[in-house]
Each structure stands twice: as structure tokens, then as C-alpha cells.
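To keep things simple, chains are lettered A, B, C and D as they appear, and every chain counts its residues starting from 1.
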């Protein structure tokens, strides 16, 4: 394992330190190791619904990179690949509350769900109204009553962006939650790994892949995926991912979509554009219009090589909210 | 070698295709494989000095990611790690010319210098005035009359950003060239590789590193670096890089600087922030003020794991130009 | 050596837990790497290290006081799925043992309360390949010993044995809860890390009981 | 077999060049990987493949016409350092051979012109560990044969031998131009890829001469 780190136990704290210093115009860190969270510079916006997300670290820029005007109010980084505990979530919820309640955006993992659940209970004790939207966009996992359900992966960024815009324009808590739910219902993702990643404290790769194997349906925590197949061309892999995503979402002719090609952390930008090119062509073959595009590292798995494809079906309102200004360390547009 | 690519010979063409489709609001591709370049959507700006850069591919987002308002007018991607030939450079120069002449921003490699030189001669034949600024910010290489001189690395982004702002505000060709030269004189960089990268057509890593070795002073083309040392902590490595950079630049107390921590392509964002944290602390120890910061993948070497540190000494004018609006696929701020 | 288990035992159990988790940190990481995200050993080690530090400074009048401290600390330091699940288990156990000593029935009460907490939070059933597969047979075994008049130590020993068997029995199962459930049939052939850590913790309880002179 | 080399030879040389570069593509990549960026074999292969295609469709009245076609095509397809350097070499060679045939002195003229082009663009001196270290002794050797009354084929053969020796002689040198110069003393012990490709091209010229019946 070769990493640009110091003490493996200090990775998250040092990352947040550097991050907050580099983006001091946008964000501030709580600094407290017991209740570590990142929130907007300037504090909660009075009268605005607060948006809080969080989860295990190692997915940077998710979530802290999306704190700022038009998106999140606070983000809670857990240990690498480990959901944060209720205390910092609760502290972040307090910091994000402008009096209009707080929305928790939670990726669907048992740990995240349970810890955010407890934090929400604690917040209610302090008279902060909390609603929770659980994101579960990963079509690699079969949804079923008998499993933990689908995972939340790169679609989370679109939920955070669009719900953030709804909060910014003054929607109340129920409306922001409804928008977030609508995004979640219309977004699907699936990923592939060419290599595993190594959690600093584990010191070995999260799984072993042969030189001519890839892992389809990979999670963002170095969990093994749906199946292991022989290495294939970018076009073939893209077709497999896109077919699963568009099939599950039932993308139809005339649909307008956001296409997000997300790097897992160790993939060159060039490869992401090659995947994007094919995914776009396949969507257009289905008669869909790729109305907006994002290509880059948004929801990563440390240094894993691989990519995921996310498709969000737009309606007029979602498009307007997507286009609304956003000013965060990792996503910036508009005035 | 596992990569998300199709035919290794088609990597650049397919990347540019996908890139132009994803960012059609900002850029357009010439589409012609013989003279492939990317330029601003909407064409040359009449009366504005045109900025053209380019070089081997594999450093994405450099250069095409920096085409847009406030930065480059056109970028010429060569084959992976191979400077483009004069024909596409000439075509891009023509496309960028708004009648006020064109500045070539060239990283100091023999191939880039020679091919841009020929293109400039060809452009002069068509009555386009061309000036050239050669960027050579890499302190890993000893400058000397008897070598090819220092390489141009991540400092190039700052030259392109600031010269782009000068052109955008209406400076004439000599002034833009003078600003670019001033940036180059005040910027220094040095990098480290934890792993090598693999050029698609070569199919093997550019060099071999043991599991406990790192390469200090790495180039951005997978060239071996200045020295190979045993793996060390992020803080130790950062200190070695920063000391070389700040020493060569003679950073003094009271200096205001831009600190750019650049990922080589395969490095998690968390590690870049850990490096940033230490580099910033070391600059502050020297009494410098880190006035602006960039942390991310700007000038990469395919999937190489590693980072480089760049420091630019600011004056009032350079800071104002740095802060001026920029709207490109890979760098966006301001109105 | 009295038949009752006391506060000293509960404290010794915590110490033994921290030791066994530290010793098995990498083994638990490896189990979790195979079907999850490779942090289970790290998470528990972080948690029990914190518990140990807190315990040294804390007065504990009842067994429940010890478990409550464990619960609160695990909840606020472990994170992931195991944090809230173990946290709730110890919290419920604390409520079930508001006394200075427990007999065999008390041991069964504690374990049943723990199982109840885990199921309340995680909604897993037996044979979903989770920590429930260790705790649930453990509670049953303890109750049986208690009902048939066995000692507290015997109840604990039976529980640990049942947990060990239950953990091993997760191997052929298809996981239906937690991260391993994403793998579907590919989760078969792997032991659930949480069931394994549960078995280790109950074994630590037995060792603490053997060492303590209640 | 006349002593003169003609247009057919020049065309055959191009074909032999494309073949030898194709065959040595990976070997040249490996040399460049060691002290550069690993593209030299790929760059030349791409270039000579293009040259071959163009040549088939082209009428060439003089030896210079052939070289001019090579020059233009390499210049516009190779890129990197080698593209402009080889391009200029062939361009100067073309100007030095505006005829249908060349004798030994003509061969020396061609090679001297080529060296002049490379030096004009690249500013390298002998023993900087570049392609100059192959071309420069090659030109000298050809001139010597010509001066002492040898044949064109003999001049070419001497040139190829000298180039081969010159390429090998780059190994102990510290590179002072091109990408290898960044390595300083670490460039020692490695053969310069451009010098090696130059030696291969001159060997191809000899083979073309042997095969052609001018």
C-alpha cells in the first residue's frame, strides 16, 4: 500500500483540515474530532431548510465538497468507509438548522440509516424538525424485502444538487423532501471496477481482481460487485452498465436526462469521456435527449479505477433546479 | 493493463469526441482527425488576443479542459504523451485568431517547442502574428545551457488562467505575452509519483517502482524523476517537494502566493488535501500568505498515483487576473 | 466463588472484550473484506479502545452501569452498522441488569434483551447471516441452562458455545441483511464478520467469569 | 548493378524503413520507456505507416521527391521531438538530392544535409546522446568512402556501420538534450532511442541498396 498519508487513523481529520483551509471562502470545519462536520462559511441561513448529508469518508468530493450555496448546509464525514456516529450528525443538524427544519439525505446503507435515525431522534429532542430521504439508486443490487435494499451511489450528488436548489429558493421542508424523493425515484446508477481500493487502516486491497478481470456492479465501499467478468472494451462495459441503468429506469423516447459519468477516483478523465461518449450514443439510440452532462470524480472509492453511469430523468422543474446556481468546492455554476 | 478504452490508437479521438459532446455549451472540436483541436464554442473573439496551447494527451484536463471564456481559445491534443504536429497547431492558431494575434503557450519539451515553432512559422505565412511563451516551472530538473532545460508542468495552468484573463480584458499581444512570462518567472513546481502510468499503445508501465519506493521529481509523461527514495509519509514527501519549490522561488516572508496541489490522475482527493495541509503550513512557517488555493487534478499523467506542488508568487495585478471570471470545462468561477 | 456474576465481572468482560477485539482486528477486517467493506475489525477496535479508556475513569455501581457505558461509547465511536446495533444491544442489556449481581436467569435476561435490541434496530431474522445468528442461539442456550437450574457461569458458557456454532453456521447462508446482502449468492461460503465478533465477545464474557471471583 | 543509387532505391529504402520500424516498434518503445516517455517506437511506426501509404500513390521523379514526401509526412504525423527532427533531416536530404541518381559523394551529401537539419532544429552536439550520435559519424564515414573513391553502396554500408557504432556509443553517455537529459547521470547505461532508430533506418538503406538493381 502506497498512499500520500501520515497516520492511517488521522486520514479523515487531516483531510478535513486541509479541505477547510483550502476552501475557507465556502466552508468551515467544526474542528472537534468528537463531532467532526463541515458546514457553510457564515452558518445556517435563517428561514431556509437545512440540508445535511454524510457517510463514510473515502468518497471525496462527496459529501463535504458539496457544501455551499445551492447545495448542502453541512456534511458529516465518518471514518473511511464507515458511517459517522449520531453525535456529529446531530451537531451538524443543529448547525444547519435555520429554523425551517433539516433534511437528512442518507445513502441506503444499514450503518448510515441507523446512525442518521438516531441523530434525527436526538434532534427532535431539541425541537429541530428532521425529515429523511434515503437514496437508493444502484441497480446492481436487486431490491427486495429480504435484503438491505439498493445502495445509494453517485445519484446522491443529483439529489443533493436539486434538493439544495429547492431549499435555496425557499421551499418548505416537506416540499424539499418531496423534490429529493422525486429525484431519487428518477435516478439510477451502476458501476464497474477495474481495480480494488485499499482502506488505509486495512492496508490491503478491498478485494482481489486478476489482471484480466473486472467487477461489474461494484459498490462505492470496495464491496465486491454483482459479477466478475473478463476484461472488455470500454464500449462493451458501457453498454452493459447503460443497459441495466436505462432498462431499470425505463428510459423512453423523448425523455430528457442528465447523464453523469462518475470516476471512482483512479480513472483518468480521458477514460471517463470515452465511457460518456458511448453512454450518450446509447441513450440517443433510445430516443432520449442528453440535456445535461457531468463527467468527473464526484462519488469515489479512494483510488479505485473504474466508473459509474448515472441517468436522471428530468422534468421541467427538476431541470430548472439543476440549472440553479451552485457554489461549492466541487460543483460551481451560475451567478 | 486494464483501461476503459477501445482501440488504443483511438483513445485521443474518442476522448475529444466525448469531451466536446459533454461540454458543447463551452467548446467545439474540429472533428478532423488530421488537424484535431478544440476551440471555444462561438469561435474567435474579434479584437481579442487568441490563446493557444497544446501538447501530448494524457494530462487531462490540460489543455482542452481550459478552453473557454477567460482562458484558452484553442487547445491541440497530440497523441498520448506526444506533442502534436504543426498542422493542427496551425489550424488551431487560425481558429483562435481574432485579428489581434495569437499567443502560443508551450510547455518546455523539445517536441512541443519544435512543433509549435514550425506552426508559428506557418501562421506567419498567413499573416497571423504569433508570440510564444515557453513554460518551464519544474524545479526537479536542473536548468542548464547543456540540457533541454526545465520542463513545463502544473504551473502551466496558472500561466493559461492569468494570461487568459489579460487577453479577456483587452491587453494586446505583447502585454499578454509579458503577463504570461511574468507568471512563468514567478511559478515553480515539483512532483512525486507513487506508481507509474501506462501509455495505452505501449501496454506496459512507463517505469517500474518497487512497493516501497517512490519517485521524486517525476515528469508528467511518465518520465522517471530526479531520484528514487524509500516510501515516506505525506508530510515528509510534502516537505521535500515544498522545500525545493519554495527554495528555488525564494519565497520570502510577506509573499502572497497561490498554492496549487495537483493530482497526477490516480490520487484520491483526500490525499491531495493532506499534502495541501502540510504545504500550506510550511509556507506559513516561512511567513508567506496562501492567498489562493487549488486542489485537484489539473495536469495529470493518466492514472499515475502521485501529486505535485506548485507555488506562484502574486502581485496585485496577477491576483486580480487570477480572480477574474473563468468559464471552462475544468475551471469555473466568477460571473 | 459465588454462583452470581457481579460488577467486577462486567468490568472484566469489557477488558477481555477490548483485548479479544484488538487481537482479532485483522481477522475481522479480512472477513469483512470478503463480503463487505473491510472495516469491521477497525470499527470495533476503535470502539472498545474508547470504552476501555472511559471505563477506567468511571464508577459503576451496577452491571447495568457498565453496559450503559459500553452502549453509549460504542454508539458514539464505532459508526457503521455495528455501532448502532451493538450500541442498542448493550443499552437493552443495561436496562435488563439494573443490579449488582446476576444469576443464570439474569444472564439469559441480558442476552435476550441484547437480541431484542439488535432485531429492533436491524430487523434481521435468524439465518439472514448477521450477528443475530450468534446472539439469538446464545440467548436461547442461556435460558435453557437457567431453566434447568444451571449456574450463571454455565449459562454464559452455553451461550458462548452456541454463539460460536451460530457464527460458523453463517458460512453456507445467503446474506439477506447488511452489506453482504448486495452479493446475493456470492455471499455464500463466507462467515459473517458481525456474527464472528459476537462469538468472540461472548467467549470473552466466559473468560472474564472464570477469572473473576464474584 | 550500376554503382549509382536511383529513385527505385530511395523508394525501396522507404519500404524497408517502414518494415524495420514496425518490427522494432516495441524495442524502441522500451528504450524510450527507460529514459523518456515510451512513445518513440509508436511515433515512428505511425509516421512510416503513413509514409508508405502516401508513397504508393505518389509519382517521384527524383530521389529528392521521395525524401520530400517522407519529410512532409513525418512532420505531419509523428509529432514529439522525433517528428520535426526526422522531418527536417529528410527535408534537407531532399534538397541535397534533386536528381534521379546519386553516387558515393551524393550519398555523403545526403547524410551531411540530414545531420545539418537535425542540428539546426535540435541544437545537439556530438555526445549529447541523441540521434546526432548516429547520423554524424554516418555522414563522416560516407564522405570518407566517397573521397577515397568507393562506391555509393560502399558509402552507405560504411554509414550504416558507423551509425550502429554511434548508437551503441550513446549508452555510457549522460544525455544533454531531449527528455533523457532530465535524468542527468541516471541516463547513463541506456541507449538513446533516436540514435537506435537512426541506425535501423540506415541499415534499411543498405538493404534497399542490396536489393535494388540501380
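By our rule, a residue touches a chain if its C-beta (ideal position, glycine included) is under 8 Å from a C-beta of that chain, and two chains touch if they have at least 3 such contacts.
Here's who's who by UniProt: A, B = phosphoenolpyruvate--glycerone phosphotransferase; C, D = Dihydroxyacetone kinase DhaL subunit.
Predicted, not measured: the structure shown is a model, and the values here were computed from it.
S.K.: I'd like to verify one number: the distance from the centre of subunit B to the centre of subunit C, where each centre is the average of its C-alpha atoms, in whole angstrom.
M.R.: Going by mean C-alpha positions, subunit B sits 55 Å from subunit C.
S.K.: Take the average of all CA coordinates in subunit A, do the same for subunit B, and state the distance between these two points in whole angstrom.
M.R.: The separation of the two C-alpha centroids amounts to 29 Å.
S.K.: On a C-alpha centroid basis, what's the spacing between subunit C and subunit D, in Å?
M.R.: Taking the mean C-alpha position of each chain, the two centres sit 76 Å apart.
S.K.: Among all residues of subunit B, which ones touch two or more of the remaining chains?
M.R.: Residues of subunit B touching two or more partner chains: there are none.
S.K.: Chain adjacency by touch: line, ring, star, complete or other shape?
M.R.: line
S.K.: Which chain pairs here would you call touching?
M.R.: Pairwise, the chains that meet the contact rule are A-B, A-C, B-D.
S.K.: Could you please specify the touching residues of subunit C with respect to subunit A in the complex?
M.R.: 29, 33-39, 42-43, 46, 75-85, 121-122, 128, 176-179, 181-184, 186
S.K.: Quick check on the complex: what are the subunit A residues that touch subunit B?
M.R.: Those in contact with subunit B are residues 2-6, 11-12, 14-19, 21-23, 57-58, 60-61, 65, 192, 194-195, 211-212, 214, 231, 233-235, 237, 265-277, 280, 290, 293, 295, 297, 300, 302-303, 305-307, 332-333, 335.
S.K.: Considering the complex alone, what residue numbers of subunit A touch subunit C?
M.R.: Per the stated touch rule, the residues are 34, 56, 78-87, 109-111, 114-115, 117-118, 140-142, 146-148, 151, 199, 201-202, 204, 206-207, 219, 221-224, 226.
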